[in-house]
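Report on the following structure.
Note that the chains are named A, B, C and D in the order they appear, and that numbering of residues resets to 1 at the start of each chain.
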Amino acid sequence: MSRPVRLGMFAVAGAGMIVVLLLGFTGLPSFGHAHELYGALVNRTEDKLRHATDIVTALNFDIRAFDTLGEEFILFASVTGVSLLLRQLRGEKEEDQEQEGIEEHAFAGASDGLKLVSLILIPVLVAEGAYLVFHGQLTPGGGFQGGVVLAAGPIAILLAGRYLAMKAVAPKVLLESSDAIGAACYALIGLAGLIFVGTYMKNMMPLGSPGHLLSAGMMPLNSTAVGLEVAGAFLLTWTEFLDQTMIGEPSG
Amino acid sequence: MAFFPFFVAAWLFVVGLWGVVSSRNLVRTVISLVVVQASSYVLLLGIGYRGGAKAPIVADIPTTSRLVDPVVQVLVLTDIVIEATVAALLLALVVQAHKRFGSVNPDDLRPLRD
Amino acid sequence: MTVLQLIALVAVMVGGTAVVLVPEPLRQAMVLGIFGFALTFLFFVFQAPDVALSEIVVSGVGIPVIVLAALRKIRQQEHEHEREEQEDGQ
Amino acid sequence: MAPHISALPVVVPFLAGPLVVAVGQFAPRWFNDSVGMLAAVAATALCALLAVHAAQHPFAYWLGGWTPRYGTTIGISLSIDTLGAGLATFSALLVTAALTYSLRYFDAVEGLYHGLMLLFMAGMVGFCLTGDLFNLLVFFEVMSAAAYALTAYKIEERGPIQGAINFGITNSIGAYGMFIGLALLYARTGALNMAEIGAALGSHHADWLVIVAMVLLFGGFLTKAAAVPLHFWLADAHAVAPIPVCVLFSGVMVELGVYAVARLYWQVFAGTLSAHEIAVRAVFVGLGVMTALLGAVMCFLQRHVKRLLAFSTISHVGMFICGVAFLTGKGIAGVGTYLVGHGLTKAALFMCAGVLLHRFATIDEYDLHGRGRELPLVGLLMGVGALMLAALPPFTTFMGKSLLEEAAAGAGYNWVIVVFIFVSAMTGGAVLRVTGRVFLGWGPTEGPHPGQAEAAREDTHEETGSPTHTPPLMVLVPAVLLVGVLLLGLIPGAVPGIERFAAQFVEHKAYAGWVLHGLRVSVPVLPPSHISADDYGYSLISTVGALAVASLGLFGRPVRARLPDALGHPAEAAAGVLHGVHSGHIGDYITWWTAGVGVIGGVCLVALR
């Protein structure tokens, strides 16, 4: 199809699509008046059953933990896929010999002020990330959000203009292991439920008292596993992409 | 007015599709996909919202207060992870496409074929 | 519906449209960031703080780093290509 | 014992995957191969155990022990019945076959290949077993994420990158549409478990919301299943993915889309749409027939053998969509039987194509003219595979096709039988034509457009080892699969068994009983159905038709040259238009997608009022 034909056809099709969608949406209960059966039940029972104060986390890491298992492996599969797609081919060589050149050439734009801010940012990010991971069952946040924040720590080193320093702090092997171990641990915690209490992903940890760091059964463990995986996964993805900008083209 | 959130959801879906169809740059195509997916967030959270209700965190509110639906929030959390992963995978493909085709314009991405 | 919710919805609608309509990818990536903030704000006023946190980490750092790196790589290759063409021309 | 292992077929590859990815780059090749094979075999065995157990009575496994409370589901269930677990077994079996096939030739990258194959398998198995709608979408994405990356495995070539981009974008958009559909159903019923959504929709009148939700969900799954006009990604992806990955794509992944449509229709929408069965049947049989015809014609027009096989898959998927759309247990039984026969055949055919690609570094039919003479065994396998596609009696594909034809007659769609015969003749004939040209050297050596051969040639090899020698495993594995096609359908009790389980599959009220209330439901007893003389007649026609189509393709050029211009020109023009529509441009594909889903939506909104 030529571009005008395509756009013209889409104008008709898209208009039809939006009409179909809106006709379907007319059947929705009006905004603010949801008759949430499932959600109401969870809200009513979760506190007594699981001692987590953040109900979303309880759903995420316990009641619907199997979805999160799938989610972690979507992430794992895509990171593995990115590693596969951005792998170095024979002939694509990293320009090792010009290491200092890379430092300069890559992110030389950082001013001293920005560098300083970035360096201050690092401990803050790490602390914030760890807090989010470990307080998932108590306050908003959890393994995923905390994991991304943790991964942003080394990225701050990059902002400070030190690409190779970032790679020294977080070498690929470490990231790959963190990614894989986190994902596998999440599946293994579920397996412990199967072995000790007879059902996959069933809670087998004491519930503790609501509002405490070690409460809500296996949720903190699951959250930690996810945090480990997500931190590794995101940083690995970023590193793969950033490495691309450092690879020369195959000569000839 | 009570229908507006749902209208926004439908709008984002179709506008995002327009971005994909009209794109001359695959990076732009992938970014438009993010907009398509945002429609499902707006729809899901709009469905789970109850007027005047609190967030589903029971630490410092009386247990009798109305809470919004936590289930849709969990679904959106998973959705967001899918968004990030699909974007990463597709952008990795786009980078490779530029290496092989020397262009990221979908018009140029036609390998020889019948 | 509260006023804040209305503002957030309008911001998301306008933001999403802007992301699609901006022609130049680098500028589009920036608009995408703004769109992410609008969504985050929307999630807050829809009483979904967990989701808001997720959205802000993904749209604040997660995706931008990837998009910028991809754009940078593409630009590098284009420069190299141009240089080669100039050399060929001489 | 069996219920306890319910989650393990998913968990085993989820543990083995990270292991090979993390350790693979330091470990020797045999380690990755063994972990991959062990996990695949274990998953196959576990799924088979589940299928056998569910044959007594199907059961729900509540993950985390979150059984329904106050009559409402709270957790996620694996709802395991024989057809679902059987399909999971079949998926895992094909993964095992694909990994075995790649043992001796495939240049696997540091455990990443094995890791992604295992994650792909976990996605497919979880997809077959789960009883929760959102969980179904999650496993759909696990499967897709692994599949996008595997498609572009050969990043040094152009085709794979372009194929993977089209595949990824089209399927992602399908998935986002499904999230909207799911949100609509959740807003209406407050439930995510399929049994509970079905029960909540009950026999209430289906309003616009329910219909649009159905269209979006079916649209997403039919994108995966490559129904016309949502099918464009398939040929691009199948033509370029590595052979072991094609085996899984064509053999089972695409068909899983049809499975999901059947599952959703019967377990969610059957009650609420029971008054509209006639209209639903008309809409989706129409879609299936369109898909079957377009796939068959495009299949015949290809000279790139992998693309040819890809269009043959589209054509057969069209038949499967018809089978599901007849809305009877017999239709499901036909699809189930044919799916196994077709999956094994198509896997074997792709593997044969893999041998050619390995040996000659091209997959163009004319390039390969006569060069296959040194591989007589592969030629034999390909010929047998072609006859299986043409539904030669009395083997498995024939059994499946007979059931489909009976279902068509039962639903009052006798004319669809003609379409089925056409599909079998065209797809079987196209593969026979390739066999004749490549392995026997029949027909002209020059194709109509010599320039097209370029696309089918490989710059690089995906293989290790010297191309003068074909590893025996590359011939042995497809041979075993084809023996399976020959024998499976002849096992006494196999086909009647599938019929009984299919009858159970369509009992949606009983489904809610055993999932939500833990009732013990036994398999219905059916009178054994007989294969009539008509069925043999139809299959003989399709086999003879396949031979005729093949000879027309090989020796028909003089005949075609003598055609009057009034006939020849329009035919050529039509073929040109068809090629042009499959442009490879992602913008075109998404325009077609939007139009397709929009039209299906519009038709359903009008027809199901």
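Rule of thumb we're sticking to: a residue touches a chain if its C-beta (ideal position, glycine included) is under 8 Å from a C-beta of that chain, and two chains touch if they have at least 3 such contacts.
Since the structure is predicted, the reported quantities are computational estimates derived from the model, not experimental observations.
Student: Moving step by step between touching chains, how few steps can get you from subunit B to subunit D?
Tutor: 1
Student: Please compute the C-alpha centroid of subunit A, do the same for subunit C, then give the distance between them in whole Å.
Tutor: Each chain's C-alpha centroid was found; their separation is 18 Å.
Student: Quick check: how many Å separate the C-alpha centres of subunit B and subunit C?
Tutor: Here the centre of subunit C sits 12 Å away from the centre of subunit B.
Student: Between subunit C and subunit D, what's the gap in Å when you average each chain's C-alpha atoms?
Tutor: About 36 Å, centre to centre.
Student: On subunit B, where are the residues touching two or more other chains?
Tutor: 2, 4-5, 9, 11, 13, 17-18, 21-22, 30, 43, 46-49, 51, 55-57, 68, 71-73, 77-78, 81-82, 84-86, 88-89, 91, 93-96, 99, 107 - these are the residues of subunit B that touch more than one other chain.
Student: Provide the list of subunit C residues touching at least two other chains, using ranges where the numbers run on.
Tutor: Those would be 1, 48-51, 54, 58, 62, 66, 70, 73, 77.
Student: For subunit A, write out the residues touching at least two other chains, lowest number first.
Tutor: Subunit A, residues with two or more chain partners: 3, 6, 10, 14, 17, 21, 25-26, 28-29, 31-32, 34, 36, 38-40, 42, 54, 56, 64, 67, 70-71, 74, 77-78, 81-82, 85, 140, 144, 237, 241, 244, 249.
Student: Any two chains that touch count here, so list every such pair.
Tutor: Contact pairs between chains: A-B, A-C, A-D, B-C, B-D.
Student: Across the complex, what residues on subunit D touch subunit B?
Tutor: 134, 138, 141, 145, 148-149, 152, 155-159, 161-162, 164-165, 168-169, 172-173, 175-177, 179-180, 182-183, 186-187, 192, 301-304, 449, 451-452, 454-455, 579, 583-587, 590-591, 594
Student: Given the complex with subunit A, which residues does subunit D contribute to the contact?
Tutor: Contact set of subunit D toward subunit A: 4, 6-8, 11, 14-15, 17-19, 21-22, 25, 61-66, 69-70, 72-76, 109, 112-113, 115-116, 119-120, 122-123, 126, 132, 134-135, 138-139, 141-142, 145-146, 148-150, 152-153, 155-156, 180, 184, 186-192, 207-213, 215-216, 583, 585, 587-588, 590-591, 594-595, 597-599, 601-602, 605.
Student: Given the complex with subunit C, which residues does subunit B contribute to the contact?
Tutor: Its residues touching subunit C are 1-2, 4-5, 8, 11-12, 15-16, 18-19, 25, 27-28, 30-32, 34-35, 38, 41-42, 45-46, 48-49, 51, 53-57, 68, 73, 76-77, 80-81, 83-84, 87-88, 91, 94-95, 98-99, 102, 104.
Student: Provide the residue numbers of subunit B that touch subunit A in the complex, in ascending order.
Tutor: It comes out as residues 2-7, 9-11, 13-14, 17-18, 21-22, 43, 46-52, 55-59, 63, 67-74, 77-78, 81-82, 84-86, 88-89, 91-93, 95-96, 99, 107.
Student: For subunit A, which residues are in contact with subunit B within the complex?
Tutor: Subunit A residues touching subunit B: 3, 6-7, 10, 14, 17-18, 21-22, 25-26, 28-34, 36, 38-40, 42-43, 47, 53-56, 59-60, 64, 67-68, 70-71, 74-75, 77-79, 81-82, 85-86, 138-140, 144, 211, 237, 240-241, 244, 249.
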